[in-house]
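Below is one structure; the comments refer to it alone.
Chain IDs A, B and C follow the sequence of writing; residue 1 opens each chain.
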Amino acid sequence: MTAAPARAGWRLKQPSVVPGFGLTLGLSLAWLALIILIPLCGLAWRSAALGWSEFWAIATDRRTLNALRISFGTAFVAAVVNVVFGTLVAWVLVRYRFFGRRIVDAMVDLPFALPTAVAGIALTTLYASNGWAGSLLKPLGIKVAYTPLGIVVALVFIGLPFVVRTVQPVMEEIDREVEEAAATLGASRFQTVTRVLFPGLAPAILTGFALAFARGVGEYGSVIFIAGNLPNISEIAPLLIVIRLEEFNYPAATAIAAIMLAIAFLMLLVINLLQAWNRKRYG
Amino acid sequence: MTKPHFKLLGALLAGSVQLGTLGFAFADTTILNVSYDPTRELYRAYDEAFAAHWKAETGETVTIQQSHGGSGAQARSVIDGLNADVVTLALESDINAIAEKTGRINPDWRTKFENNSAPYTSTIVFLVRKGNPKGIHDWGDLLKEGVEVVTPNPKTSGGARWNYLAAWAWANDQYGGDEARIRKYIGDLYRHVPVLDTGARGSTLTFAQKEIGDVLLAWENEAYLALDEFGADNFDIVVPPSSILAEPPVAVVDANVDAKGTRKVAEAYLQYLYSKEAQTLIARNHYRPYKPDLAAPEDLKWETKLKLITIDDPLFGGWKKAQPHHFGDGGVFDQIFKQAQ
Amino acid sequence: MADTIPARPAREVASAVNESRPARVMLMALAFAFLAIFLALPLVLVFLQAFSRGLGYFVETLFEPDSLSAIRLTLIVAAIAVPLNLVFGVAMAWAIAKFEFKGKAFLTTLIDLPFSVSPVISGLVYVILFGAQSALGPWLRAHGIEILFAVPGIVLATIFVTFPFVARELIPLMQDQGTGDEEAAISLGANGWQTFRYVTLPNIKWGLLYGVLLCNARAMGEFGAVSVVSGHIRGQTNTMPLHVEVLYNGYNVTGAFAVASLLAGLALVTLALKTLLEMRYGAEIAATRGH
């Protein structure tokens, strides 16, 4: 079964008595190639056909840059909000016992399970100036729907579980004795939390941040309903891809897609490194 | 995988597949009409009428499938291989794009049906809040302080292109053809736009349902439909003294109907749009029928006094010239929009 | 608090490692307010809007032929995409979790890729691959094979988007469990399939079910990727999320929310099942938390 070529001094895999390596790895690679790699190579090939100068012209087009800036900017702000409130929610869920904790815990996963288009129309209806939340914010001069703020709201919704679900298990593992020691040594509660606990949670929080951020950058379904879609102001990069397609401008669509793809891949590598760091600390 | 729950899962999955395959009812012929956003209601009524007509005429049952979306997006789908029998889009240039990029529509498609293959026309009007609180009567009023204008993105929406060209034509008259001032007017106009939807229907929803903006630049038919849907006590239609004659054309996708053997019914489908029954439906759905004398007089309630410029006017030189000049990549709209911000 | 004498009363220590009561109440209030505004409110709104014209209208909308066909198509797509991702997800998890080999980290990253690729791009890649303008397009058309704007294209885009779910749930779980059980079974003479069937599968079944649930929810709810490849033919290639958009754009907001409420209901069932699984098999699943 082992498909590994036995070359001197180089081994594809460590020896193991467990069977099925060749089969499962073969299946994995075949499936991966079929669904992910070949289509992505098609995209890369199409954008490579553009030629460097043309690609560069599209990539540095003001509207492209603005769309990328808006996508990354709003995803960043949303991820920051999620880090603050996601960590808080995780803390409340891990440390406090209260009625309905199970339900609240389950609710956190709602954005995973709720289709993004449903989230999009629901949030838009809520935050439009004649919606429940929008009409309350209107007298304060705050507009949410059809502004970049609306994009942030949608991305906060989408990204919340990523932070909570990465931070929560690590929080559960924290040894209470550390806190007791800190308290015994005279640290105030606030000092214990900020100086002792949070540094330990940092890798998990960072990972959650990166996951929420990565997801937010590419999000489409929920955002297009609530964003105003104004070029250079509230037009996200995935929407710009769709718009370029609708203009029959395939080169631009593929070029922007290729840029986003490269960034997504980079972010994943960073996330995997963060997770490795996380595991090393809490192995 | 013999665990009970996997069995159950398997049975459920198998069941749903069966349900699926049973569901596709078999009709004698099926044709697909790929259309743009605001025609949903019109074609829902027309498809029924045509199916009945075809049944009476030939004894065959025909099922018409509909696909709606922004005109550009729909053309893109057909270019990428959506198997449309007929396309009924917002602009000639979207059909031209299909013809040029795929060759699946013969280049002389505009000559196939009467009136350059436009069985109905429309124009661009203003939809304003009840009582017209901002006093918007003409294109110049759109630039008044504090007026928010809702219009879709001309790069993706056919209706928005008509809006843009109508505004351009007004400015051309107003400023005696001084292009710098026309461009300034258009740029200022888009500075008043708070939401730029990708399709005409999206803009209507933004204006009527989300209550954003003071005036919606809309297809005349879309404006009347909004009155029907959201109540005439919420909005007024303002017809500006001048606008543009919008001609949404129709075409048979030649290569597709020949491959599917549906040419006869597809051509009949478009031809029947010129019949008395269809022209009546067209007027009832607030489009301007090509042959108004065939429609019911009570449906012909729109303003006829406004001055309508056509796309073939020397100012624009037809879609073949206007499309790349104004809306192409780096075209006039791109240049103006860059400055506008 | 500054008192550092070790022998402090137990109660005081407890208060030192817990927030004071007002702080606790404030933190909880803040967390609940956040969850209420961002999670509960949209959900409540979906159901309120869905029934705003009464139960009759709700039922009428769902039994409209176009809605039925959207529901049917969504079920078909999920029925094809989920089992495929289940089988291949298990294979991927087995290869990655049970063996040490070169390039494993890279392979894991590739499996994760669909999580962070924009759904629009997931759809676009298939347009580029199979569209009439692509190299393959004319050949497919000549042979009468419809992929784009038909069920196969929608299934492919859905598989792409839900690709990592099952493997992602299983890998940490299987890594945690190690290979000891399997090695024992092999040494006792079991073959590979028997080992998987009788040793591994019972160990991972809850994690597997959990992965399948999430995969299914996403498969039924995907919008962006499917929107690019669907062609939006009413009653033919509109899935439920696309039908929500169609109704919404057709001035039928209540109808849109009616279909949306079905999807939201599915999400709630998914979450309920998941919570039940966790309550009963918490220890086994705990390892897979935080995908």
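In the analysis below, a contact is a pair of C-beta atoms (placed from the backbone, for glycine too) under 8 Å apart; a residue touches a chain by one contact, two chains touch by 3 or more.
Only a predicted model underlies this, so the values are computations on that prediction, with no experimental measurement involved.
For the pairs A-B and A-C, the larger set of C-beta contacts lies at A-C.
Relative to chain C, the chain whose mean Cα position lies farthest away is B. If you average the CA atoms of chain A and of chain B, the two centres end up 37 Å from each other. Chain C has its Cα centroid 14 Å from the Cα centroid of chain A. The multi-chain contact residues of chain B, meaning those touching 2 or more other chains, are 79, 101, 209.
Listed for chain A are residues 239, 242, 245, each touching two or more other chains. Taken residue by residue, chain C touches two or more other chains at 127, 133, 248, 253, whereas all remaining positions touch fewer. Looking at the complex, you find that chain A touches chain B at residues 62, 124, 128-130, 145-146, 228-233, 239, 242-243, 245-249, 252.
Chain contact summary for the complex, chain A toward chain C: residues 1, 4, 11-14, 16-21, 23-25, 27-28, 31-32, 35-40, 42-43, 46, 85, 88-89, 91-92, 95-96, 98, 102-123, 125-126, 132-133, 153, 156-157, 160, 165-166, 168-169, 176, 179-180, 183-186, 188-189, 192, 211, 214-215, 217-221, 237-239, 241-242, 245, 250, 253-254, 257, 260-261, 264-265, 267-269, 271-272.
Listed in rising order, the residues of chain B touching chain C in the complex are 3, 5, 9, 13, 16-17, 19-20, 23, 32, 37, 40, 65-69, 77, 79-83, 101-102, 199, 201-202, 205, 209, 225, 229-230. Every residue of chain C that touches chain A in the complex is listed here, in rising order: 1-4, 6, 8, 13, 16-20, 23-24, 27-28, 30-32, 34-35, 37-43, 45-46, 49, 88, 91-92, 94-96, 98-102, 105, 107-121, 124-129, 133-134, 156, 159-160, 163, 179, 182-183, 186-187, 191-192, 195-196, 214, 217-218, 220-224, 227-228, 240-242, 244-245, 248, 253, 256-257, 260, 263-264, 266-268, 270-272, 274-275, 279, 286, 289-291.
Partner chain A is touched in their complex by these residues of chain B: 70, 72-73, 75-76, 79, 97, 101, 153, 155-156, 193-198, 206, 209-212, 329, 337-338, 341.
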